[in-house]
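Below is a structure I'd like to ask you about.
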Amino acid sequence: MNHVPSNGASAYHRTEPHYIAELTKVGRGTPMGELLRRYWHPIGLTSDAGSTPRQIRALGEDLILFRDGSGRAGLVHPRCAHRGASLYYGRVEDRGIRCCYHGWLFDVEGRCLEQPCEPNAGASTCGRIRQPYYPVEERYGLIFAYMGPPEKKPVLPRFDVLETLEPGEFIEADDSSIGSGGPAIVPCNWLQHFENVMDPFHVPILHGSFSGNQFNARMAIMPKVTFENTTRGIRSIQLRDVETGVHRRITEAVLPTIRAVASPRAEKDGPCSLLGWVLPIDDTSFRIYSAGRVLEKGSLAKIRSHFNGKLWHELTEEEHQRFPGDYEAQVSQGEISFHSEEHLGFSDRGIGLLRRMLKQQVQAVANGQDPIGVAFDAAGELVKLDAGTSIQPRGE
Amino acid sequence: MNHVPSNGASAYHRTEPHYIAELTKVGRGTPMGELLRRYWHPIGLTSDAGSTPRQIRALGEDLILFRDGSGRAGLVHPRCAHRGASLYYGRVEDRGIRCCYHGWLFDVEGRCLEQPCEPNAGASTCGRIRQPYYPVEERYGLIFAYMGPPEKKPVLPRFDVLETLEPGEFIEADDSSIGSGGPAIVPCNWLQHFENVMDPFHVPILHGSFSGNQFNARMAIMPKVTFENTTRGIRSIQLRDVETGVHRRITEAVLPTIRAVASPRAEKDGPCSLLGWVLPIDDTSFRIYSAGRVLEKGSLAKIRSHFNGKLWHELTEEEHQRFPGDYEAQVSQGEISFHSEEHLGFSDRGIGLLRRMLKQQVQAVANGQDPIGVAFDAAGELVKLDAGTSIQPRGE
Amino acid sequence: MNHVPSNGASAYHRTEPHYIAELTKVGRGTPMGELLRRYWHPIGLTSDAGSTPRQIRALGEDLILFRDGSGRAGLVHPRCAHRGASLYYGRVEDRGIRCCYHGWLFDVEGRCLEQPCEPNAGASTCGRIRQPYYPVEERYGLIFAYMGPPEKKPVLPRFDVLETLEPGEFIEADDSSIGSGGPAIVPCNWLQHFENVMDPFHVPILHGSFSGNQFNARMAIMPKVTFENTTRGIRSIQLRDVETGVHRRITEAVLPTIRAVASPRAEKDGPCSLLGWVLPIDDTSFRIYSAGRVLEKGSLAKIRSHFNGKLWHELTEEEHQRFPGDYEAQVSQGEISFHSEEHLGFSDRGIGLLRRMLKQQVQAVANGQDPIGVAFDAAGELVKLDAGTSIQPRGE
């Protein structure tokens, strides 16, 4: 905690604020943008890719998602390589997507297959044209894209908590930003949310006192917390004395954007059943794609936060003020929070660890190394997580 | 067509895009802005000038249009020369327009006639004040303004196709952007539309296949096309084999902004009956003023495009995607299309010719010469056009 | 009045316009911003400070206003000193305002009293934290803030016209921008309004002719006007011949932002009963807080301007054009009027005097001196004004 001299108490003496661009900005060519581009990111639900082209925005880039007649999903630059008309107005066909303006046809990897206004329908010229595209893969009901340098493309990871299903369980996907505390698209920088995953102290205050107790009774207790680096990010271990022993909760931030957070409402203990991927839409907005083990269709949608008995979008402005949640706490920091104005304390050491690890990974990429957690062979595909809750005997 | 190397196929390798500012930007002092300012542009219908001041935006400049009590139209800078209150709130009087704030009165050429708060109502001072203005002339139901250097003001041209009327015909004017495929004000750079006039190949694709056949059956046939320079711009000659012979269609782009395009719906052959002036409102929007020979009032309004049986503004978002037209193809290129991302082909040689000619005219103005098509004496006033359709005997 | 040469009559020859930043911009560190920050400004009604935090914008700064449980008003920087969550979502308590995110508690002067997530609730650390704040004082139903350097804080002035009450009179406050001619928040630079106070000539034109006669009959007469510097600003003396003698009206602009303008509708003569403080919200918007002596609650709200028998917000666009008032005349000058395009005349010498005095005060502050009208001891607290109206015997 830095000292604020008493003659600086007046707001008149505030210095010009700034944020840490290295940790927040996501565009191509920025330090964090290049780190993020070494991983796969979900950019839609499986059902989002179909015969109607769909606009996607991810890491500050506008793209068009579609699925050709043979079932392959494609993710391409919107502006047709010919004259720039958007493929949003393209027609999806068996072999790809066709631009409305002059009919150039591209497959899911951007190869130009036809140019109907050119001599011989472009038979001798279309091979020279390539529509910019990104590779995609589908898993857990989500479409993942790899937006980085082709030669650095890692395997798309599998996660043990989503691979080991109990009888009757299946994987459900969701794009409503579960855990954001608000609407599907959240108008602030992604890091303001992702840091919150390594901040277990706000839970008894924001969720246990301010907004009434949003979760179960035990979550309102101030926990004992330790933070640790893992092979894939940071974890926090939160201990709470409860009737039956010590309640132990492990929460993980898996780099660069994955939340492994056991539901704070769950009464049953065990491994975390839900993962969330924080997708930076651009520098000043994000959304969360989730996938979880469920027994019934529609289970994920029921996890959404309630405030004063209402959903976020049902609140009046005054109720937002009286019953604030993660959305209000994070979005009100501004489009990109000014880190120069912060005063981090002992309870913020998880934030500090996470920022330090992110900076190290940014530096690793700048140095030509691979960042934490990427794997290039199928053997490295399965990621084992510790996230979840359990009851330990007291005194252990 | 430039070669895209295969290692550039990923969208990750896109280079920073840019557009040709020299051809697109229309502000005072820009290369194209100065070329455009050597010609007359329509800025309103005759009926737009009246006793209620009207806001006009043309070539990136905001102006006020009115008509004084003696019937003279005036086009003036909005900010009163005195203290800057807008003449939009002025009162139109017999001799001009009077500012609401302190009552300065200006005639249609900006001369200050009264300053009621000054000694002797400004009798000895008002002569030193001039409200900035542009000269206007009215023709074909349109008000044309000359916004260039006064000493370079050409004659306002007459066009043969609008001067020679058949019995019963008269000239009708329209400001709804006929030919834009959308609403009256189109939110993209004017050149994206004007180039389309020299692109006959998109017709069978965009209008003949994508959106169903918007025009008559023959327009869905891919034509044989030649392009030629004229003394006033570029023309394309489109030949289609039809039952009765060879259908010959000539379309002209008359510099800097005039479309001479025979209606693609017309069943009757003959000279083009409709001219359109593409007015750049500013760098990122335009509208089209039209004047045409008609037999019935309201005929021009009927030419508007239909998609799936509906007018543009009646379409749902999904219908815009399924039945795209010129609006979608041109506006989706972006506010100003990135020319660096284009790959022009053999079918785009009309685009190439037009850009080349525009660049030559920009250069001519920069060199102190007069650009193509301007005339300074009444003898040069009449412009003869070739645009129109005809049936030629086969084999000619 | 500068000469406009006739070859400059065309709008084509306009030069790039500019405004006097030194007189208009209000941000911290700008010349005028620093002058304004040497005075107290109203930032709310007394009733605006309560148990629900309220967003305030003043001089380009965003702030949060509240009133703690012991009745003290507080005005603080929105972003919590800890992690930047806005205190707009804070909870007002007996001792101050508590951030929703991690519960830091601040008093009305920004002292941190508790940090519940820190060891021992922050007992040994919270003393090092200070939330940026500004001092406030309440008077005349208004909350005044001092946003300048703490060591330069003057006494909050009292005004004789609001201190001497007739039997039955009391002070009423208003935040609806009485005198702006429009809505409470006016979207242009504050100086465009404040200058108007030293412009009595527009009254017979704008209010007496254009919009019908908005005031009483005598205000439609063009007055004889003199302008004079005072010890606190500028005053204008306006003389009009009326039946009973010479009607004498004194209007004052008290630096930096106070209007002392006798109601132009009042039939009774005497000292001005209403003061208005023009608060620059930021560079391009302002509002007016007023306080006045009244006999009945709600009297101030009745002073609002009428046009064609309607309130401003009830007018159609065409009625705004036909019945313009101060709002239209001032806002239509643009967000910040371009002074380079003005042509000031003899009737504008009040504007000239006011600008000159403002520039002198800006210079005084830059030189380390105190600007006009500030006082640092209670003895200098009472400000005596001349504003008001009276009837003088003719020939005096």
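We call the chains A, B and C, going by the order they appear; numbering starts again at 1 in every chain.
By our rule, a contact is a pair of C-beta atoms (placed from the backbone, for glycine too) under 8 Å apart; a residue touches a chain by one contact, two chains touch by 3 or more.
Which chain is which protein? Per UniProt: A, B, C = Rieske 2Fe-2S domain-containing protein.
Quick caveat, the model's predicted, so the values are computed rather than measured.
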| item | value |
| --- | --- |
| Angle of rotation relating chain B to chain C [CA atoms, steps of 5 degrees] | 120 |
| Same vs different contact residues, chain A with chain B, by half of numbers used | different |
| Rounded Å distance between chain A and chain B, as computed from the means of their C-alpha atoms | 47 |
| Numbers and ranges of chain C residues touching at least 2 other chains | none |
| Of chain A, residues touching chain B in the complex | 28, 37, 52-53, 61, 63, 76-79, 81-86, 88-89, 91, 100-103, 109-110, 115-119, 122, 125, 128-130, 132-135, 147-150 |
| Residues of chain C that touch chain B when the two form their complex | 1-4, 6-14, 201-202, 205-206, 209-210, 222, 318, 320-321, 324, 328-330, 332-334, 337-338, 341-348 |
